[in-house]
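To keep things simple, chains are lettered A, B, C and D as they appear, and every chain counts its residues starting from 1.
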Amino acid sequence: MALAIMCSGGDAPGMNPAIKKFVDYTYKKGQDAYLIYDGLDGLIDNKIKKAAHKDVSGIVHFGGTIIRSSRSKRFYEYEYRKQAYENLKALNIKGLVVLGGDGTFRAMQKLSSEFDINFVGIPSTIDNDIYGTEYCLGVDTSLNVIRDALDKIRDTASSFNRAFLVEVMGRECGYLAIVSAIVSGAEICIIPEIEFQKDALERRLIQEIKEGRNYILAIISEGAKKTPEIHSWIEEKFGMETRVSILGHIQRGGSPSVYDRMMAFDFTIRAIDYLLEHNDSNKVVVYNSGKFDFMEIEEVVSKRYELPKHLIDAINYLD
Amino acid sequence: MALAIMCSGGDAPGMNPAIKKFVDYTYKKGQDAYLIYDGLDGLIDNKIKKAAHKDVSGIVHFGGTIIRSSRSKRFYEYEYRKQAYENLKALNIKGLVVLGGDGTFRAMQKLSSEFDINFVGIPSTIDNDIYGTEYCLGVDTSLNVIRDALDKIRDTASSFNRAFLVEVMGRECGYLAIVSAIVSGAEICIIPEIEFQKDALERRLIQEIKEGRNYILAIISEGAKKTPEIHSWIEEKFGMETRVSILGHIQRGGSPSVYDRMMAFDFTIRAIDYLLEHNDSNKVVVYNSGKFDFMEIEEVVSKRYELPKHLIDAINYLD
Amino acid sequence: MALAIMCSGGDAPGMNPAIKKFVDYTYKKGQDAYLIYDGLDGLIDNKIKKAAHKDVSGIVHFGGTIIRSSRSKRFYEYEYRKQAYENLKALNIKGLVVLGGDGTFRAMQKLSSEFDINFVGIPSTIDNDIYGTEYCLGVDTSLNVIRDALDKIRDTASSFNRAFLVEVMGRECGYLAIVSAIVSGAEICIIPEIEFQKDALERRLIQEIKEGRNYILAIISEGAKKTPEIHSWIEEKFGMETRVSILGHIQRGGSPSVYDRMMAFDFTIRAIDYLLEHNDSNKVVVYNSGKFDFMEIEEVVSKRYELPKHLIDAINYLD
Amino acid sequence: MALAIMCSGGDAPGMNPAIKKFVDYTYKKGQDAYLIYDGLDGLIDNKIKKAAHKDVSGIVHFGGTIIRSSRSKRFYEYEYRKQAYENLKALNIKGLVVLGGDGTFRAMQKLSSEFDINFVGIPSTIDNDIYGTEYCLGVDTSLNVIRDALDKIRDTASSFNRAFLVEVMGRECGYLAIVSAIVSGAEICIIPEIEFQKDALERRLIQEIKEGRNYILAIISEGAKKTPEIHSWIEEKFGMETRVSILGHIQRGGSPSVYDRMMAFDFTIRAIDYLLEHNDSNKVVVYNSGKFDFMEIEEVVSKRYELPKHLIDAINYLD
């Protein structure tokens, strides 16, 4: 029997350690290991290669993914999914480990509902916005990249009467913003999920400025789409020259942290074990309260991740 | 009522975020917050200062501890413990948050058994060797410092027919060594807890060298006291020029990671809440399976931390 | 006799090592050392403090400036300059070491033309845009911060059919952009000083995309004000999803590099020696072809820094 | 005509940028570019490969060298040197760019004295110990790796009454030690070149400890072979618990700094231009006072590098 691994959607730090472990552990279990290059598009175009140990030697400390990733419009069409299945069948690949997010999992669900193919998804996105799991692969590395940027801004912040806006990733989910704000002690944190309490914050900051505050650090989730508005608001209301950083894709890069490497190994081992022991896999490995479990893909993709209440409260404490 | 915070024993990254949160959260709860400088010696010598918010402003990203730490021989004598207690009583300090390890907790247990003083300990040591908790403050930051060093050695390793020995911290516990070996894919990992399987490893490595391996990475826990022995063994048996790095105290330094900052905040809030709600505190905050809890100090100090079986197994897999 | 040090304008990494050396070396020379806090505003408001060794202990590895900086509108008025002079005279301060850029040097020139005060300027700005010196303090650290960000983007770049625009600092000078483009192998570099050759570049990149190029990295100097225009252009012409990073003030932060620390020490020693040996100082320390020298402030502020031809050529090579 | 590039001896950060530039610039000049793998041994064994642009794509930010390096005993024998020459001749390779140190340059001198082959050496060693050039490729990156380690030790140093010994690389040359000591403000710096003034330093430090000093940082060059002796001396004389770090090969790793990338490009362009314009090359590119020049290999290898006097003086200032 053979198993394959694929990345799809945005890349996340930790994908390379997962790929490394996939190859080593699959062979250890006596099965053949295949790499699918270029995500769903590569699956359609048969960019599938039997893995050698040396393909994955020395990749653990690289960001990104050595097998690359993609988004595929063709995969919405039945004929291409059929072609993808035929490619897998020809190589006797019975199970897939898939690193990606919601969109990816939906695509896999479709494929496995139509054809005889099993898969286990590993939630992999720095946005941490997947229902059913407290943790998605890549988040810890991204948070530390943001932390490093905020530490650098702190160096320069207090030298001047100034405000700093830092826009971090998160299309629909404020996880990165909220945790970054907590660990850096930001004065303002704006996320897509909750209404920004402008008036209350204005009163508090004006009071603090009277008492000596000489800078403001604001973290804004890109999904909130409020960076220009907050920029103007701070300059008008508090009279502070305001500087903007948009961190962008540096948040996806960098050598995976120890936590993401360990999580990558643990997620992958569980995904492989599940595929080898079940013939009905249509699951996502989830991680909650320090334990791994499996959740039906239907449940994962049909519900919406909600930020834990204690994180929301921590932000309200900021306000 | 007043609370105080103290660091004792070796320092650990994350102490400063804990100190910051201690001051902010204690005042938020309507109590007075005190800082005890220079550990147990400072407690004896009355280096206790009422904290202002500005004392802890901008410290979250510093390694070490701004209130310093110490080991104290005097604290073994009753008269000095009495003096320590009198100092606290004079300031109306009813509870202590104490950051440290086993030795520190034993000292506090003695103090609180003799005098009317409550405390809650926060396990803080990069060795991760405290019974009853899966995690001690500082470990994640240390692991990432080691990872960064190993990534650098990887850069140069494969250029030559060479072996690299890296000695990491851990006096009685191989936690840092074992996790570092796993995430860096080291070929050899030697820890105090388990016998090193020299013969088996020799056979495996000789086979791998025949098949093309051109370098060896070995992680050695300082507590194993085997660095010179392994050094000679590799040079003799495998004929590889061998280079040694002893990382030493760089493993205690560096800006605390996001994980350690969040853990510092969470540990500290729980410690303060417990002190405010109980009058019999003689506890340590522990963290297991994603949840915080409290354990009697007697239990913590009377038993020995054991490495989780899955980590030991991972190393056997290496062998 | 006494000397003082002041930072003015934007901060630059390396200011703290310069301040440290200023205090140590001035006392070593048998003179008194003063710190002027908050730049020109602090000079007016008499925020001048005799330095102790412990004021500058352990600051060498901090970004920013512990004596802070400012821009001052009041300094344009004679009465405030007079007040500034009176403050210095009262403390018997005969000479100033001033860390800053063009604007700062103009302000000092005005002051020293009106009053009996000597100064030596140390060119300190990450923009590297000061006439007469090849190097300004802080540039090496900033370049390495940008490099680290670009390395992270490289990790993720080749996984997708994508373009990355990275906006770096430089209001009127493309130095940071041009060097960053060279050392990261960027495909596009846009700076204020030279016209962007859109058509030629378009032809070249379309050819390269045909031959397999699957990503584009573009570095844009903030002073070029072209980020939105290039963003649209790439998406339209090359059909690549395009992601923007605006690095902002992280470029001013971080622990000063070894090069900036050494330059800070060297600049400062020369500035102090000059002040002690001359009574007509109105100079800037400049660094060219590996040698330090002094240039009249009139010359420095009256001419415009031009990018070295070999750097411009390197960018044309990119085009 | 064709040119080839080779690394020999210890690796140095910056070799990969040099290799990248070698390939790009040689083809730009209309010549063929070859890569020699595994150093002198690879030259003997004909591990020579015509370079494609994609062989060197995306390598600029990697430490080490992708074409690897070696030391070769066989190269001391004429028959192997002849074989090396025959390999080059067969591929029409007229000139070599060689990255290495003294030993490497001697080997090349021998080869080019016997056969019709030209070469230009690029001084590449983190030890910075080559006569005739102020700078060797890799030094800036190594210094910043050491700086980062020392910054981490600083975090923890002042928390305790402790001494820290850090052993840095440099077999015969104290350059890394001396510059590291200067930029980190170490109290003790021990190098192979100058006698350590134990008594004078002892008096000074005892005085400082009386006045409040509570830690000591000592930098020791590995070539001085004094780490155990200084360890005992500090513990005995100053009664300070003393911790040792031996940084080892982490000093050779890490992403090349901006300075090393620029130097790699500049060294390589000059080496290629020289080879293309002369038919008698037996030179080393040297860098002094901000300018590149060429020196006869005889001169480079027959004299000994001496530390600049101003660096020695800076250490005496420490004593």
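Please note the rule applied: a contact is a pair of C-beta atoms (placed from the backbone, for glycine too) under 8 Å apart; a residue touches a chain by one contact, two chains touch by 3 or more.
Keep in mind that what you see is a predicted model, and the values were worked out from it rather than measured.
Student: Provide the labels of all chains in contact with chain B and in contact with chain D.
Tutor: Expected: no chain.
Student: By mean C-alpha position, what chain is farthest away from chain B?
Tutor: Checked the centroid distances; the maximum from chain B is C.
Student: Could you give the separation in Å between the centres of chain A and chain B, each centre being the mean of its C-alpha atoms?
Tutor: Each chain's C-alpha centroid was found; their separation is 29 Å.
Student: How many angstrom lie between the centres of chain B and chain C, each centre taken as the mean Cα position?
Tutor: Centres of chain B and chain C (C-alpha means) sit 40 Å apart.
Student: What parts of chain A, by residue number, touch at least two of the other chains?
Tutor: Touching at least two other chains: 151, 154, 158.
Student: Which word fits how the chains touch one another: line, ring, star, complete or other?
Tutor: ring
Student: With touch defined as at the top, which chains are paired up in contact here?
Tutor: Here the touching pairs of chains are A-B, A-C, B-D, C-D.
Student: Tell me, which parts of chain D touch chain B in their complex?
Tutor: Its residues touching chain B are 7, 11, 13, 62-65, 68-70, 145, 149, 151-161, 164, 166, 243-250, 252-254.
Student: What part of chain B is in contact with chain A in the complex they form?
Tutor: Interface residues on the chain B side: 17, 20, 58, 60-61, 134, 140, 143-144, 147-148, 151, 154, 158, 179-180, 182-185, 255, 257-259, 261-262, 265, 288-291.
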